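One chain, chain A, links the two complexes that follow: it is found with chain B in the first and with chain C in the second.
Let's look at the complex of A and B:
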């Protein structure tokens, strides 16, 4: 009951956040975003035709009315039709979000798990050659542009210049085998790039935890390294780890990975978002921004609940 | 420690195992001996409604999914019109005002739930009338009305009266089931050309009504293909089995052994298009990904990215592929049907028209000095791999009216002449105006700007007085053009049809912004000649008028022009085809044949 009350209260407190995010982003969209009018006009438009198109797009309506309409769309989850394709925004998201999830989840999970493992190793061997090797590798991973990594991995794994094992691009997924075929190179590229950031972050957290008294005491009592790292270090470091992982989720779910989706020809929500930004497709942008804000509020709530799960002394108040 | 490694290794092994299975896995339709032609485009369409097929990407799909009355012959160069849905070329009245066009009977739309019982009905003349009317309906956000605006009797009035589809338009009628009559307000010799475009594709009213806004992604046409799936990265088209049977006749399509012999298309004589069972159209904007997809065999045809031309070509003059490329691929290097140019905004008193006649003369001298300072040879070398063709004026080499003997001084760099001109008219580094060079933001455009600034530096133009006006998107740039806010306008014009009228109209006074005359050029002689020529059929007299208009533009220094790019087209030897990227069209795709043993070879 306390949990339910806490959840409802937290969701209620999230409303100003959603209003703030949607208001600012809508303001930017309307006044600074691309104007689709001139994309949609023919070659010799008259002033009257320009006005007609602006009217069709709703650009001539007062800002507050348009914003109120946006809130109504968000409340009813009915964002209308894309300005570009004419397809229902709901259908677009329904089709593309699962693809992005399937695409980025393996890299997200592997990148975080491997990051934690490497961070544990580095933290345990702090200051020694293994630590330096892992940290050096991390810096290299962080230093190389994602774009370069993608192109290099495509060349290495997917062209006759390299192994030519995987398809360069596409997403013809109909079973686990085809899924593996299309997701492997994007996953390897994602892991390569995120591993450095994750490892460095987690190492810093773990090193701090390892310097605490209870760890020193456990070590003095001869606790085996694996047990010590898992029970005394990792478990007690879960708060920052959870925070990092949870707050990455909205970006993973909604924004996807634009570069990955573009270069590998994967029809996910990241590419849809990017196209909507560049073309000024406001119905799609409104949906993405609004849903991301809502998701953040939900994530905030879930994070608090998870904090309590891993750290029972934290009170849900 | 070992736990971490284990997780990574397990993950990679798991994926690799999946890969092994994936390599031997075939999609159900891949097992059959189907012919799949895989075409790559460097951009993606967002909308497949013919009334919004304004770019090459949408047009490629629309002209394969729908029928147009006419198309260009597959192989003939210079381009020649040929009937498509029409039974023959139009009958034109003696005054050039009435066009009567018969269409083929027995042409059917694809089966679709939009029709009664889901069975596609016969396409009739009234469908064409309906399809053109849609361009004049304000509700459709149509982009092709400019082709017929103020040209067809009663059509503009129909729009003004509220676009009631039940109301007849006197100049656009279906005389019977298979006969269309178009009556013009004045002669319009380019009319048949406009009827080749995706804009003129014929749609059924039932489908438009049935799908509403989603008609844009649910095409229901009578073209050689039907849409199987469509996303931002790929479209899959499958053969329309109800498409009319018209065997391929190489001679009728303009076959010439010396031009087309290497392609093998003659062997396809008698085959019935569409020759491929399926077309997979990959939209790959990223050059590296497009190239990788091509060399790994995932697409059959691409326009080679400029960044890869060094790896493709052994020689630029004559253009010759490297042996390893020539062994695997066919190469074709046509000139684009368009050109790149930088116009001056004549409405800007700093560089264009000025109330004071003396300043007006000085401004013209400044424009001419800039034109003289521009180095087309360096531009071609730096940005177009030295493959483009530079020409004076705005009549590109692909048009029949092109004059190869025209004086080239307007495209020959003359730094001393430019300096002298500035000095003669009292221009000094102190009083030269600030130049604003506008473009839609991209790396290539930024490079163009920097190079332009360097060119101007050579004639003493202070670099700090040359500013970049980069717009985030083409839409933003276009808005600024329509609002006359850009001083120097760099654009590429893709011609709509092979007739210099299509480039001349870019400088016709009444077409000034928001029209297509972004330079806002107004010249009495030019406008008079344009009006005179616009109603003339192709003839030596009309060509002479076009060339005089071209000279007016050169003399007035209204534009730094021009350059036609060379497209380097590559296609696999499994494909028997003659690709064509011209005039917003994809009609050639129906003639593409793919060796069926390809998949077995894989």
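Let's look at the complex of A and C:
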């Protein structure tokens, strides 16, 4: 009950954030955005025809009413129809979101897990050559652009100039075998790019925890390294780890998938967003911005609840 | 800031007045990776200056060769699909990168400093709430969509990318400065400034903000790197550099070329970008170590 109350209050506090995001994006993308009047008109339109189309598009309504209309769309999750394909925005999202999740999830999980493992190794060997090797590797990894990694991995794994093991692009997934054929190269690229940042971040967190007194005491009692690292270090570092993992979710789903999907031609949310950007398909853009803001608020809430789960002393108030 | 005992004796002995900046400089001078990074950055800056002054990289758009010529005396790193010299294009792109990096780093650091300092000084009051809200909102808009939105609003202006980066990259700087100012504002020098009746804006900008310079410097280098890395991806997506040439545009061209086995364009642009980013990252790390009062000078 207390949890429910807390959640509702937290979601309520998220409203200003959602209002801000939707207002700024509405102002920039729709109000000052492309004018579609003349796209829909034939040659030499009369003044009445122009007037009619503008009315149809809602351009003659006052700004605040149009913005309120957007909020209503967001509240009822009814974003209308895509400008370019005429398909219902809701059904586009229903089709593409699962593809994006299937695409980014393996890379996201592996990138974070591998980052934590490498960080544990580096932190345990702090200052010695293994640490220096891992940290040097992460600086190099951080310095290579995501786009370069994607192109290089495509050439290496999917073309005759490299191993030619996987399809160059596309997404024809029916079963596990075809899924693994299409997901491998994007996953490898994602892991490669995020590993440097993740390792550095997690190492800093773990090193801080390792220098605390309780770890020294546990060490003095002869706790085996694996137990020490798991029970004393990792468990106590969960707060910053959770924060990082949770807050990277919206970035991974939208921004991360946008580049991968438009490069590999995978029909997920990122590709839909990219196409909507290039064609100025406002119903889709409005839906994606609005839903991302909602996702953000939900993640803020979930993060707090997770804090509470790993640290019972944290009060939900 | 507490000094190790041996250090303060040395200072007392020489009367050199070794401040935190002197010590940071000394630490930096012992950090060979950081120095190598600085050297790389300076070298690139020198190349960019040369392009600005018209010494080199001027023939980047001339189609002076055949399609996909190999590297040779005429074209040092070969030519692209249109017969343009890849080396010239990569060199000219150094200038593009510095223009974007410098503009974005300077302006977004400035915004972050001002908003962060004001929010921190008035923490808990409405102006702080407003800045935090703005930061939350900007962080919650997907970046590429934001760039596209700015591009829509400014009717495809060549500076849409710059504006989008400046208006979103200040948030981390703002958060760090705000935290530092909250710590600083209870210190005695601020109390003293208040006691003699100085105006609040003067206290914030003349007395408190200069004490966050170490954060601003490090953040500016980090933002510079983010800006030139984002440029590459935005240019590939068609949202970045509109006229001229950049590593992002070169890599975007090369996505078609690599599939038919032409790698010069891709490798050249990637290496130019990688080395500069690497240099900046090394320098930025060293700067952070040197300016961090808690660090002991040994790299982690």
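We adopt the following convention: the second predicted complex is superposed on the first by the 282 of 317 C-alpha atoms of A that agree within 3 Å, B and C clash if a C-alpha of one lies under 4 Å from a C-alpha of the other, contacts with A are read in each partner's own complex, and residues count from 1 in each chain.
Just so we're on the same page, a contact is a pair of C-beta atoms (placed from the backbone, for glycine too) under 8 Å apart; a residue touches a chain by one contact, two chains touch by 3 or more.
These numbers were taken from a predicted model, which means no experiment stands behind them.
Using the contact criterion defined above for the overlaid structures, shared-chain residue A:159 touches chain B and also reaches chain C. Looking at the shared chain after the overlay, A:144 reaches chain C, while chain B stays out of its contact range.
Residue contacts after overlaying the shared chain place A:280 against chain B and chain C alike. Of the two partner chains, chain B and chain C are each touched by A:168. In the superposed model, A:50 makes contact with chain B only, not with chain C. Legend: residue contacts after superposition of the two complexes on their common chain; A:29 is shown touching chain C, with no touch to chain B. In the superposition on chain A, A:177 makes contact with chain B only, not with chain C.
Contact with chain C, but none with chain B, is seen for A:135 once the two complexes are overlaid on the shared chain.
In the superposition on chain A, A:20 makes contact with chain C only, not with chain B.
When the two complexes are superposed on chain A, the residues of chain A that touch both chain B and chain C are 34, 151, 154-155, 159, 161, 168, 262-263, 278, 280. Those residues of chain A lying in contact with chain C across their complex are 16-17, 20-21, 24-25, 27-29, 32-34, 126-127, 131, 135, 139-140, 142-148, 151-152, 154-155, 159, 161, 168, 203, 207, 250-251, 254-255, 258-259, 262-263, 273-274, 277-278, 280, 285, 288-289, 292-293, 296.
On the chain B side of its complex with chain A, the touching residues are 1, 3-5, 7-8, 11-12, 14-19, 21-23, 25, 27, 44, 46-47, 49, 52, 54, 138-139, 141-146, 149, 213-217, 231-234, 282-286, 288-289, 292-293, 295-296, 298, 472-476, 478-479, 482, 511, 514-516. The part of chain C that touches chain A in the complex is made up of residues 133-134, 136-137, 140-146, 148-150, 152-153, 229, 232-233, 236-239, 248, 251, 254-255, 258-259, 261, 263, 266, 270, 273-274, 277-278, 281-282, 285, 298, 300. If you check the complex, the residues on chain A that touch chain B are 34-47, 49-50, 52-53, 56, 81-82, 84-88, 95, 106, 110, 113-114, 116-118, 120-121, 124, 151, 154-155, 158-161, 164-172, 174-184, 187-188, 226, 261-267, 271-272, 275, 278-280.
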